[in-house]
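Going by the order they are written in, the chains are A, B, C, D, E and F; count residues from 1 in each one.
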Amino acid sequence: MKLVTAVVKPHKLDDVKNALETQGVQGMTVSEASGYGRQKGHTEVYRGAEYTSDLVPKVRVEVLVDDADVSEVVDAIVRASQSGRIGDGKVWVSPVDDVIRVRTGEHGTDAI
Amino acid sequence: MEVDNGTTAWLLSAASMVLLMLPGLALFYGGMNRARGILNMMMMSFGSLALVGVLWVLYGYSVAFGASQNGIIGDPTQFAGFKGVLAETAVTAGLPDTVFAGFQAGFAVITVALISGAIADRAKFSAWMVFVGAWATLVYFPVAHWVFAFQGFDDAAGAYTAGGWIGFDLATIDLAGGTAVHINAGAAALALALVLGRRKGFGAEPMRPNNLPLVMLGAGILFFGWFGFNVASTLGVGFNSGYIWINTFVATCAAMLGWLVVERLRDGKSTSLGAASGAIAGLVAITPGCGAVTPVGAIFIGLISGVVCAFAVGLKYKLKYDDSLDVVGIHLVGGLLGTILIAFFASDAAVYYGQNGLFYGGGGDLFFKQIVGAIAVMAYSFVIAFIIGFIIDKTMGFRISEEDELEGIDFTEHAENAYELTGRAGGSFTSSRPTTTSEVSS
Amino acid sequence: MEVDNGTTAWLLSAASMVLLMLPGLALFYGGMNRARGILNMMMMSFGSLALVGVLWVLYGYSVAFGASQNGIIGDPTQFAGFKGVLAETAVTAGLPDTVFAGFQAGFAVITVALISGAIADRAKFSAWMVFVGAWATLVYFPVAHWVFAFQGFDDAAGAYTAGGWIGFDLATIDLAGGTAVHINAGAAALALALVLGRRKGFGAEPMRPNNLPLVMLGAGILFFGWFGFNVASTLGVGFNSGYIWINTFVATCAAMLGWLVVERLRDGKSTSLGAASGAIAGLVAITPGCGAVTPVGAIFIGLISGVVCAFAVGLKYKLKYDDSLDVVGIHLVGGLLGTILIAFFASDAAVYYGQNGLFYGGGGDLFFKQIVGAIAVMAYSFVIAFIIGFIIDKTMGFRISEEDELEGIDFTEHAENAYELTGRAGGSFTSSRPTTTSEVSS
Amino acid sequence: MEVDNGTTAWLLSAASMVLLMLPGLALFYGGMNRARGILNMMMMSFGSLALVGVLWVLYGYSVAFGASQNGIIGDPTQFAGFKGVLAETAVTAGLPDTVFAGFQAGFAVITVALISGAIADRAKFSAWMVFVGAWATLVYFPVAHWVFAFQGFDDAAGAYTAGGWIGFDLATIDLAGGTAVHINAGAAALALALVLGRRKGFGAEPMRPNNLPLVMLGAGILFFGWFGFNVASTLGVGFNSGYIWINTFVATCAAMLGWLVVERLRDGKSTSLGAASGAIAGLVAITPGCGAVTPVGAIFIGLISGVVCAFAVGLKYKLKYDDSLDVVGIHLVGGLLGTILIAFFASDAAVYYGQNGLFYGGGGDLFFKQIVGAIAVMAYSFVIAFIIGFIIDKTMGFRISEEDELEGIDFTEHAENAYELTGRAGGSFTSSRPTTTSEVSS
Amino acid sequence: MKLVTAVVKPHKLDDVKNALETQGVQGMTVSEASGYGRQKGHTEVYRGAEYTSDLVPKVRVEVLVDDADVSEVVDAIVRASQSGRIGDGKVWVSPVDDVIRVRTGEHGTDAI
Amino acid sequence: MKLVTAVVKPHKLDDVKNALETQGVQGMTVSEASGYGRQKGHTEVYRGAEYTSDLVPKVRVEVLVDDADVSEVVDAIVRASQSGRIGDGKVWVSPVDDVIRVRTGEHGTDAI
């Protein structure tokens, strides 16, 4: 099993969610984050003073998937959140040893 | 004429209370908005305060209350820059004209600000300011003349001898602005909602209020200021003041009850947004008739407006116009209700007007007067607001870019985010805006 | 009798200021609550405004201020629906009865709302509304008669000839409601806290205020409104108004100092919740005696109440009743202190009452009057509130389910969450409630 | 002398409105602060209310308004503990002295609180309280005498016969405290900013406002209260009240416009902080001259102050003093502007003073009077504030530890965090402070 | 070493924390999240309009543990947060190469 | 590729960010968290009652890095956030199978 983590623009969340549902993904976890990559923040002027802001707001979406579904899920996320501009985000895939559904206590693939 | 200190004292308080309604409205609207646009929403109110306030002194007061030109408009030069108002002898019925001019300034400022609730999250601030100046000049100032101008007080007869065509000639009952304020702003709000179109996501995303405690506080402040608004509109102090105060109070209470009961029966739960909205609906509806009905009549007007407006705010989803914060559903609908219900509930026990409505044995002519006054203001305001909005849209553009709308108008139009609440921590980052900084220079 | 414009002007302002206390209280309580229940807390105040306001017009005013039936209750039909009040001749000591009725409406509304602080996060809104109607009818309206009803003003003697048994017959000194408002509400709050039982986690979790800036703002608004409450309670304008204003002001300041010093010495740090609570404690304590003591006496009353209440709010942990927002610790304790300390600090330099307390050479009879008035109201209110609460609990149920309490009462009773602050971002989700949406239909 | 009920009614309202400015200021400053210090910022205002309020009764009023000792100071024992004020005969020009004493209490409390904006996030609360007591005693009370004390009203001449050296002897025009309030507080703020030094990160981190809606609400409340402040400063009701009200209103509007336009041209965007700051700048600048200029003059004074202050708030980055919330940039600069511009814009059409400034054909002597009054107060306040601050710093220490500053002053000085907004969830943890708890004991 | 991540109902946080302490776990990291799984959100009516809300608030608890303790820790979490109803949550286990204690610079198991 | 996760004191965020930039790290993701380890919270007194607070606010910093850079990045973070007192924080390293840059769709090391 794998955990697919995506850090994308906040207003893409609905699109990502819909894409995942179309893909048959049954669950996801969402949280707030901020970050930077190639997108380096920008200069702001406020009350006559100038600032350089670095951290841009993002949302983090995490999805547990079967090994077999990884590439489809990644593709779905990338497609839904891609605009071709810097700041589009990052997706990464990491290994998971076990998953447990709390309600039933099931382990492994069945618990996803 | 001599100044009456008691009257003047109350009007000074009331004028200040009316002005407090401006930040009250900004909170009410701002809290009801999504978080990304609360500051812009508040800025539309504050911007209208700033601009209309200055225009009022320059020529607005004169257009509204200068010598009536056939009931259509006041002489715009007579009091320009407040010349003439600043004379010690300018006192009417015990009240210095300067105090009256201040009291009425608040009406102008707030009426314009009311409109902004319909165009949340998507109007260029510069375009809004242009609209403010144009609509105040072309619509509010003249309409205030139509409804509120009573001139040439004849001390012997104890009556006025000239004035605006609605308030004076037609004698529509509208003490504090059911037509001039609420129908007027509500119709303009509808026009702008149509000109600007819907927010991205309207009807699909919930767009819930970002800060309901501020909505309730805003409603509470409006409630407070409204006593100045309504009660002092007799421009005097006395017996009438008392029951107008009571009517304003109890209609608000009844409207809240009405709205909360509708929600309970229809949706299963009464909401705080409903309580706040109900209070405003009641205040709007009692505004024109507060001096024309008994407290029991006020309870009915309140109840009816609370119930009707609770349904009216849903219309926008059916008819697919994005009246974002329900200016139409509450101010236009409530204003129409309040203006027309007078024809039914007016009672001569309310001696300020001393007229009877249909339920108290009165005739149909009052109904006619109320309808004509209401429709005239609604039509005029809608048409002119639409034209102004249309011209602004075709020239400078009224709406921000789609990208900016998604990014959030507070940041793109005002370079700000409303909240940076991450508290105790040393690092000043928040997840809702970037703040880590490399350098500052001034 | 002729209307005095100055007096009426001040009472109109004051009546409006008193009403502003309602949203002030809602903020003070709401901000002090946990985030999950701030809206419900504010709704309990707004709900009591809505219902008590209507009842006031229908019969409440008549029960409280109708012709006294042996000092126990006013004639409930005399002014039902405000009939009779709406007569131009209904003017007492220069003040139209309509204005008096409006001024007193605020007292009714706020006293009932005060109770809600004891039952945070766990009361069904419908049950609360039933309690509001019953308690206002059975307790507040009659007790207001006991304390505030003075009737049959004899112009020659310059004195009243009838009234409620506590204020008029017994002549307990209670200008603005130490008994009728604060002891009354505080005792009912204790009764409800007992009927409803403790919140889950009471005494184990911190349950810290969710929004302390709103608490301080709420306290500030209450402070402002309280000047209307206390000062206008003489129903006149003049020399007395001035020192009552000063007494109200300085007692508040002294109580804040007292509370902050206790915190500093006991806990090491002075808190903002302490400053706000201290201010309210001082205002409560000076309410009955603001017209009976000198400014220096007011400083002492303020200091004592600040210090004592700072300790009294800890009692609930010891005695294990969940008076969630310290209605007992501040209003009941502060009201008792303020009522009884008059017997010590009253000074005939305060000419409105012109009586001396024990510290100024006065006799013990004043002490007796104060104690009897205080205990009578406390006992009556506690017993009836307990019975009403008990009946509600056994019939419709007063408390929400444990599951709903854990989920958060704002969402389960009102379908709302107070805050949706995630700002600039395009996605409207927040971590504190679900908002992504598939469709909207109206 | 007999009490004038109308005048007294207005002054009672106005005195209460002025007090509401205290929580208004606390919000304005608190919201503008970083989240970690909002409560401390509000507490500095509430603390000054508590302490200065008590001192006012004990001796402050007497120092300010006791019998003038050569225009330098009032007799400090004459009204100590308000003895003598509490006499029914103490009525001046229709106004009971008790009411005047209450009205002026608000001025004292707010002036001291204004200073706190300069020392955000870094001052020991105990040290601040010591400063409050010392500065009020050594600076505010005497300076209020210099500017506001007019004594020995001669009914025949309709004029005062004694008073403070600036207001009475020199006859500097300062109706409501351009010098005594704003220059006074602004100069002390600069002194304290220098004594305490800069916040860690000043000039490098953005330090953005934590809650801009509260800033705008605070500004709105200040706006409301300011009408009491300015208009009632004539201590009467009448024609003058009206145009002073208008001047206060329109100068605020114009200053907002001025500030917003500067931001638009300089930074590309108008901000809500700019709107709020502009409003305050206009209110400050019109304070001394509100009774000396025409409404058109007020528009100019407003515009100029809005534009100039919009630039002045940037000075701190250049000159590297940490006037955290711009007390110097708005109150000192705005106060100086307002005081000096009178010499240009005064017009005898404003009959309260009836003097002409340079633009209306007046002479240079008024300019001289205004300059001398302004500089005297500025110099005195700066020097004494610096000395008091320096002594406190060398003895008890004025500044919290660096560690506490990083941790956040709300938590380290007051054991609180402003917000615990995580709502619906059962667990009460938030990411901004620890709340999971093992046990509670009282 | 493993990282055990649990996404559970917010009001279960205290129970989970206590269970972990009983288990001898010495530290944890908590953050806010929202998500859905089998629990699909529900329909809400507000101001006369109907919404379907999908994302339900949760808390995320992360615990670094020795390989040997994984199953005990997982069991403790599951037991503490189980109510048997949908929405109870999800637990997953992922491999960790190294752990460092910032204060001391220690690496590996000692640093947990 | 590895994911380096650091949970540190909030006011160290700027220092960590600067250290990483000096190290040539091109991006990071930041979020809010709270937690405890050896630092067990402390006793507070409020309104006359005593509380023991356990969860202390922290920030979480996540950095995707090449295998080769792991130890340098970890060291940079530890150095920037170390004060030698409890509560300094925790850093852990976990394996990542793949990284994707949303904007371009690139995979693997190039996407970091």
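For this structure, a couple of remarks:
FYI, a residue touches a chain if its C-beta (ideal position, glycine included) is under 8 Å from a C-beta of that chain, and two chains touch if they have at least 3 such contacts.
These numbers were taken from a predicted model, which means no experiment stands behind them.
Because chain C and chain D carry the same sequence, their contact can be compared by residue number, and under half of the numbers here are used by both. For A-B, the equivalent interface within D-F, C-F or A-D is the one where over half of the contact pairs agree by residue number, namely D-F. Look at where the CA atoms of chain B average out and do the same for chain E: the two points lie 50 Å apart.
A straight line joining the Cα centres of chain C and chain D is 31 Å long.
Each chain gets a centre from the mean of its Cα atoms; for chain A and chain F, those two points are 18 Å apart. Looking at chain F, residues 11, 14, 17, 30-34, 45-46, 48-49, 51, 53-55, 57, 94-95 sit in touch with two or more other chains.
Annotation for chain D: residues 4-7, 9-10, 13, 17, 205-206, 208, 211, 217, 267-268, 271, 273, 314, 317, 406-407, 415-419, 421-422, 424-426, 429, 431-433, 435-437, 439-442 touch two or more other chains. Of all the residues in chain F, the ones that touch chain D in their complex are 11, 14, 32-34, 41, 44-46, 48-57.
Chain D meets chain F in the complex at residues 205, 406-407, 415-416, 429-442. If you check the complex, the residues on chain A that touch chain E are 1, 3, 17, 26-32, 64, 94-103, 105, 111.
Interface of chain D with chain B (complex): residues 4-7, 9-10, 13-14, 17, 34-36, 203-213, 216-217, 219-221, 223-224, 227-228, 231, 237-239, 241-243, 245-246, 249-250, 252-254, 256-257, 260, 264, 267-273, 275-276, 278-279, 294-296, 299, 314, 317-318, 349-351, 406-408, 410-411, 417-419, 421, 431-433. Taken together, the chain E residues at the contact with chain A in this complex read 2, 6-8, 31-38, 54-55, 58, 60, 74, 77-78, 81-95.
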